[in-house]
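Single-structure report; data block below.
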């Protein structure tokens, strides 16, 4: 059996290493060059993937809306994005008057860098992982938020009021939704007993965390969609309603880079959901045949990404006060409670020897029930308030 | 000179440069942006010290949270010192002098320290296990349980205090403007 | 020991470099005909009034504040979550107390009406 | 291998830059930023001593974590005070904030 078909990634790596050592390079330099090649390959692959993502998204949203979508350039319009890129490349780069040049030019690069950087710790196959660091999950929290910084820089340096206001609104909501995201990320760490992404995948043997902590998975998924600013949370840069927000003064590929970062980030959160809650590359025979593991990873990620697009195609855009209330009054308290429930349920299951899955499911069911009851009470209070207001205005109307 | 030393010197140089810009830049927005660079440099220094957990925490807490909070407050108090002349006080030379005296004192102390030339001992346990021990120590009654719980009380106190100090005035000011 | 971090540094560098190259290509290929109107601040054709750094509302500070507090909380809890398997029951309950204290802070902010978007 | 003294000198320099900023700047927010620099210098010292003198003990990192929490609280309350003072007096220049001077 050829080892290439069992583990293509290690095979290519060891072939390359052998070749470089054959050239007479020292071991340090060989490993450095291998890492550089790996980083270049990963970065390029991830950025090239964006072409496919944009095409897939346009095609799927078109089908949801009973349209055809791009269908002129290439088979099924698959080269439409390339044509769009060629158009963007030949556009003039307009720098607004009074812009702060260094931050202005740095902002799109930072936005892309933060998303590409996330891929360093995502395990794509048993042997295909950029950097197996023991603080992987916290790395995701911190590097993912550097994109916020890019947006802030863009808004501050564009010398434009709309850009400034758009940037601060985006940043306010992004940092709000980062709170439940970090809290939801604590749950897989707790269940796996490790912050390393590979360890978390390994810990999901037979029982993905989606079953153990469905509430945390949902919270992570929703809050990361909000963090990316996808529909239905795209009100801050709703291109059909308001001026573009923080990237109003960007043109050409500088604008394109924000666009790329957004699409790639949407795919990245799908990959993270797949890895943290759905077992990543886990599947039958994945450990023997690495390529198969990579395939499972891709299938799971694409599935989650399809749901992201589906949500975009189906849900109406929500208002900013609704988005704010949703985060602080529903998602964050539920995330806090969910963390407590998981922590207690796991200990109870361990100490009392209760079945693990059942204890967790019971805890989560209790949590969902409590959240639903709270929501009902909140909705009733809101309705009573609006009825009172309506009554008051009706009573006032004849007098005035 | 090993590669690590070169990386350290570069990082230290950039960090100090950024720190100098923080304390001299006339524009508060620029000072805050330079502060972010300085904080990132400190994160790299943490990585060089093998404290990878703290390096990531440095990015998560300082760059993503505190620096953004500072930028927001800079924008909230914009134009505060604008049009009032200098960004440094009249006694800046006294400040520079005391900083220099401080530096000299610290360096003299350093020269007498017995550990100054110490080289790092090999890390005895892997970082994963160390992190586990840190987590245990934080909630162990015999170790750091008090700082751990006090930290939460401190954070809540800071949050409540900051809301009390900053919030009622927003409302009152909003009414004034109407 | 530091090898994964070298990879991360390289990947972050690549993440900056590739967009940089793309933008440089754009700069080479694009027409360059600046004029005063094109460079002016874009407000849908209306002349901009006053200075750019407008006064923001104070609510942004409150969101940043709550974010900072909960970020630190998460940072304290991550080592605890990693060590979870080795903890006794009372240690887990201490962390629950930690979470409850912070939740009380959130409840206070909610009661004060700070969380409303105005 | 980097000797310990390099880190200590770096931390001392960073601390003194922060000290200069804290003493010389007029804008109170700039002073807060300088204080953050000083706290960072302290953290570098804590972590450097942890690495070189006691890498088996958790105290160095635990102390640094507490410093993070304290720095965040300090920044939060300090910035809230700045906002409040700016609302009342339209300035955050320290020599003009003299309500408690006499």
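All chains are identified by letter, namely A, B, C and D, in their written order; residue positions are counted from 1 within each chain.
Note that a residue touches a chain if its C-beta (ideal position, glycine included) is under 8 Å from a C-beta of that chain, and two chains touch if they have at least 3 such contacts.
None of the values given here were measured: they were computed from a predicted structure.
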From subunit A, which chain is the farthest off, judged by mean CA positions?
-> D
Comparison of A-C and C-D (more C-beta pairs in contact) = A-C
Whose Cα centre is nearest the centre of all Cα atoms in view?
-> C
Rounded Å distance between subunit C and subunit D, as computed from the means of their C-alpha atoms = 21
With chain centres taken as the means of their Cα atoms, state the distance from subunit A to subunit C in Å.
-> 14
Dist(centroid_CA(subunit A), centroid_CA(subunit B)) in Å evaluates to 28
Where the centres are mean C-alpha positions, what is the separation of subunit B from subunit C, in Å?
-> 17
Per-residue multi-chain contacts in subunit A, two or more chains = 133, 138-139, 141, 164, 168, 171, 175, 178, 193-195
Shared interface positions of subunit C, touching two or more other chains = 5, 53, 56, 58-61, 64-69, 71-72, 74-76, 78, 81-84, 87, 92, 95, 102, 109
Among the residues of subunit D, which ones contact at least 2 other chains?
-> 65, 68-69, 72, 75-76, 79-80, 83
Pairwise, which chains touch?
-> A-B, A-C, B-C, B-D, C-D
Touching subunit D in the complex: which residues of subunit B?
-> 2, 4-5, 8, 12, 15-16, 19-20, 22-23, 28, 31-32, 35, 38-39, 42, 45-46, 48-51, 53-54, 57-58, 61-62, 65-66, 69-70, 73-74, 76-77, 80-81, 84, 86-89, 91-92, 94-96, 98-100, 102-103, 106-107, 110, 113, 115-121, 123-125, 130, 133-134, 137-138, 143-144, 147, 151, 154-155, 157-159, 161-163, 165-166, 169-170, 173
For subunit A, which residues are in contact with subunit B within the complex?
-> 100, 103, 133-135, 138-139, 141-143, 145-146, 148-149, 152-153, 156, 164, 168, 171, 175, 178, 193-196
Under the touch definition given earlier, write down the residues of subunit D that touch subunit C in their complex.
-> 65, 68-69, 72, 75-76, 79-80, 83
Can you name the residues of subunit C that touch subunit B in the complex?
-> 1-2, 5, 53, 55-62, 64-69, 71-76, 78-84, 86-87, 90-92, 94-95, 97-98, 101-102, 104-105, 108-109, 112, 114, 118
Okay, in this complex, where on subunit D does subunit B touch?
-> 1-10, 12-21, 23-27, 29-30, 32-34, 36-37, 40, 43-44, 47-48, 50-53, 55-56, 58, 61-62, 64-66, 68-77, 79-84, 86-88, 90-95
